[in-house]
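Next up: the structures, one after another.
Both of the next two complexes hold chain A, though its partner changes from chain B to chain C.
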Partner chain A sequence: MKKEVIITGFGGQGIVLAGKVLGNAAAIGDGRESTLVQSYGPESRGGACSAQVIISDTMIHYPYIRSADVLVAMSQSGYEKYIGQLKDGGMLLYDRDLVQPDDSIKEKYAVPATRLAEELGRKMMANIIMIGFITSVTEVVTLDAAKTTVTESVPKGTEKMNLDAFGKGYDYGLSRLKGLERKAAGKTGAMS
Partner chain B sequence: MNQDQFNFIVYVCNWGPHAAYMELQDRGADIPLEIKMVRVPCTGRIGKALLFKPFEMGADGVLLAGCRSGSCRYGVGTENAASNTEDTRKILELLGIQKNRLRFETFLPDEPEKLLDCLKSFVRDIKAMGKSPVPRKRAAEEAAPLAMADILTRYDVHSCQDCGKCTSACPLALSGKAFSPRAVAHDAITGNLDSEAFVENVWSCLTCGTCYERCPSAVNFPEFIRDARHFLKQNRHDGHEVHGGFFQSLMRTMTAENLTMNRWSAVPPEIKTDPRGKVLFFGGCTPYFDTFFNRHLGVTTSSITLDSLRLLNFFDVVPAVLPDERCCGHDLLWTGDVENFKRLARLNADMMASTGVTEIITACPECYRTLAHDYKEQGFDLNVRITHIYDFLEREIGKNAVTFKDFGKAVTFQDSCRMSRFEGRPELPRTLLSKMKPQGFTEMQDSGKSAVCCGNSGWIGCDSYSKALQVKRLKQAKDTGCDTIVTACPKCQVHLACAMENPFRDAQKELGVKDLVSLVAETICWE
Partner chain C sequence: MSKAVLTGTHYMTGDEACAEGALAAGCRFFGGYPITPATEVAEHMSERLPGVGGVFIQMEDEIAAIGSVLGASWGGVKSMTATSGPGFSLMMENLGLGLVTETPCVIVNVQRGGPSTGLPTQGAQADMMQARWGSHGDYEIIALAPSSPQEIFHLTITAFNLSETYRLPVLIMTDEIVGHMSEKVTIPDEKTIVTVNRKAPKGRKDRFKLYQPGEDGVAPMPAAGDGYNVHVTGLTHDERGYPVMTVDAQREMMNRITGKIHKNLSHILLNERFMLDDADYVIVSYGVSSRTSYAAVEELRAMGIRAGLFRLITVWPFPGNAVKELAERVKGFVTVEINLGQIHLEVERHVAGKTAVKLVGHTGGTIIPPEDVVAAVKDISGKGV
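For the complex of A and B:
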């Protein structure tokens, strides 16, 4: 099975790190194949930057993504730049407060990653929250692999804080899926 | 008197049935010997408290014999008696005392035979049911006699600087009552314990805690009052219980060990509970309040309990409930009846321990306060985490993908004294409110830790000053321009609804009242 994931956002949000964590988790943690291509240039000073991650059970011959299974958008400009590369029926994950997606996209999942990170006290952890959210919603990497990789990828001394952030995103994703299931079963709120 | 002997109380109206009763006496008819006849001016004046009181004292049956409909000397007596009986029967049923132990029958003066038949069949039917589950005498729970000197020391009342900040902040004093926490402290220190003013003031205090907030010496005045009430009760002063002492009577009745209660009977089937759940939901007294007040206030405080259960279910918590849950005892503790408080606490604590739960959640600020602090202080350590439902909601909303539907009304918030002041957590309900979408949220002039009391606590000492206080509070609410007052305590809801029924108040000031839990339950939804 092969999954192609584009993560995009502003430079400085930790987009490339998020891609790296995802790729490492798949390759080192889950023992699968993965590649990472990062667009690295003027974007890192604030424009729309991206990380392209391919995760596969078999060898990957070409690391660039032309038709993504998953698009993760953490900025409006990134969303607009890359939405064309999301294949039909692909999955969009986005920061609810930063991205306004098009109504035509059917499978989309929102998380207030930046707001949750602010509530945790550090806006810069929005990317880790997003990794947690990706882990539970898309299942491209396993929970254990993602957690281990997050722990190993963040600065020493901030492991617990980042794991909390990861957990927050992961739980939010689980709850989002549960909510969808409930809604499909006709249970929208507490009274019905 | 023998414990096994049956006891029946028959309230007889002076006009219709009493004439018939006298005729039976004149001719030496065989009226059952276990009957104690109480002649009353009108059965319509026998309120729910008096109908219920004999059951608290161990009566096996109560018969209210009134005048035939249309023959009441005062017009509405028969109707009132019928409705009071119906409500009291519902309460008996909730408690697990068969409702047929209470009956209302009507007679004309010239129906002695019918009266005799009725008395005999009444006694026969109830003897067939057996003794009431509430025994006449219940095991004593001891409380050592209190000395005022010890109470003064415990709360360091001697450190009162006589500055008067308490009185200037006291909502009762501000409503015009000759009430002063400072003067109470002064009387207690100087030993003026039998003075009319001291006794009156000890029973009048709202125990709302505003004075404690302001006191520069941090004298815990509400708790001092609580113990002073116990002291007065031990020294044979009657309390100033309201509603005829009905609620205290109800709570004392719950100290009977053999009650098999029906307090959860109104829980609809879609709400899930599980006797093996690791979380226990403690419901509180709302079904009793609703039954007691249904005629004139139409309050539905039970919706707080039901909506709490719905919210627990919404977040996948299937809680256990205690089938025979007793009142937590808050009102007995705060009206000086520590002995009966301890009986309730022991029964609840034993039931809780037998369930093996690790967390108890409650939506009532008084239950929360009592379970979290007073049980331990009085020697009943529950050894489990006590959580207020707002904390639970805060925790779950924080980690779940939920949102809130618009609530098309502007709101303001009435703080509960137990959570906002005693627990010192006025921000807790406000954080929840800030996540929701009312059409606007405006604080009243006095809010948070300096919020004005809803007018009463512990069903004690309600008077025209309490009413003035409530009307003032409603005005503050109205001034915010809101449509709905959001409350945090079932009693605030009862008291504010009562104040809105005040005939002297401008009907234009009608406001909706809704508990925060219900507001959350009605608007929360999956994203």
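For the complex of A and C:
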């Protein structure tokens, strides 16, 4: 099984780190093959940037993504730049306060990642919340691998704080999925 | 002291793997100047070298950086620098000094789009001819092109070993895409890593000649402070190292520095043959473009077109004889590289009109998609685009 994930946003949001956590979790934690390429402009903050992660059970030759299974958008400009690369039926995950997706996209999952991070007191942890959300909604990496990698990827002393952020995104994803199940079953719930 | 060899499996970038390969090879000096997309090599070396008893210096520019590397090598330490296009241009003069003084060292070029400042954060393979002829005068050079973080780890060790064996600077010509790409890198047990150290001189110190080759064509090299009388100059010199401005001295020196490579091609030329045995069409590629090419070969085979890949790991010296042999039996060549046709000139030169040759080039900033290569092979095979 091969999964291709594009994460996009602006420089400074921790987009490449988010890609690195996913790739690392897949490669080291889950023992699969994974390739991460990054793209950013000469400006280190504020410009559009992306991380492209391919996760596969076989050797990955071509390292770029042209038809993504999952697009994770943390900025409107990133969304607009990469939405064309999301395959038909692919999943869009986005920060609901920063991205306004087109109505035409069916498989979409919103999370207020930046707002939740602000509530935790650290806006910069929005990327970690998003990783939690990606983990529960897409299952491209296992929960164990993702948690271990988050712990190893963040600065010493911030592990617990980041794991809390991860858990927040993960749980938000689970509740979204349950909400959708209820909706599909004709019930209405708080999360729908 | 921390460990010089981080045995185990890691998820790291090509730049980090390059630094780890250097440390595993025994490199203990890095003199550099930061430049995207090679900065992470320097950054990683600055974090790691002090912990393993090495020295990291950020110099004032790239001219000084390679100067410090040559100096450190004469101090007896395996030395390296890493840069990208603009810095590589600045290093060209001292690269020549390293060649003519037969100074082992490794120079990494993480290529980005050029000319000039170009595309700092985006990849290209457009410095390949500069690697060959960028410094003035005649010379031979060894340049290796890794295609993944795992390979850059191993090839950095190989680069040091070649450099120490033949006593000359060796180039690693990687690119932004491989440099900034993260993949699994398995670092083997330290005991299984083969490293080579330059030959030390023997015999009477007062009779020592700095450039007198042994039977293998390579002269032993003392370190500063060992007590040998050494004279190191960029002027044409005799075996003692003293300047001699004669036609004979020039010929003798040139034959020695180029002969080390000419006579050892079988050891220096590294390449990989992927599905080449029964191939009608040969894709010649290297570095990140070979990853495009693997994908293209698989697509072409699925269509029933017998394509194969001749992947250059050693790009310089160019494996001309291998291309000549292939040209006798195949129906066409396609060169895939992120420039407007540099190694392609070598392919054309060695195919010498015997069969079709086509370039899939690119002006830089991104990787070439496999479909461009598939289309080119279909084109020369007459099966339509």
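Here are some notes:
Definition applied: the second predicted complex is superposed on the first by the 187 of 192 C-alpha atoms of A that agree within 3 Å, B and C clash if a C-alpha of one lies under 4 Å from a C-alpha of the other, contacts with A are read in each partner's own complex, and residues count from 1 in each chain.
Assume contacts are C-beta pairs under 8 Å (C-beta built on N, C-alpha and C of every residue); 3 or more make two chains touch, one makes a residue touch a chain.
Predicted model only: the values in this text are computed from it and were never measured.
Once the complexes are laid over each other on chain A, chain B and chain C both fit without any clash.
When the two structures are aligned on the shared chain, A:35 is found in touch with chain C, with no touch to chain B. One geometric descriptor of the composite model is the angle centred on chain A: between the Cα centres of chain B and chain C it reads 160 degrees, in steps of 10. Residue contacts after overlaying the shared chain place A:97 against neither chain B nor chain C.
Applying the stated contact rule after C-alpha superposition, one finds that A:20 touches chain C and leaves chain B untouched. Looking at the shared chain after the overlay, A:80 reaches neither chain B nor chain C. By the touch criterion defined above, A:183 reaches chain B but does not reach chain C. Touch criterion met: A:64 reaches chain C, while chain B stays clear of it. When the shared chain is aligned, no partner comes close enough to touch A:159: not chain B, not chain C. Minimum C-alpha separation, chain B to chain C, in the superposed model: 32 Å. Those residues of chain A lying in contact with chain B across their complex are 110-111, 119, 168, 171-173, 175-176, 178-180, 182-183, 188-191.
The residues of chain A lying in touch with chain C in their complex are 19-20, 23-24, 27-28, 33-42, 60-64, 66. Touching chain A in their complex are the following residues of chain C: 9-11, 36, 120-122, 177, 180-184, 288, 291-292, 294-295, 298, 366-367, 369-370. For chain B in complex with chain A, the touching residues are 307, 310-311, 313-314, 398-402, 405, 520-527.
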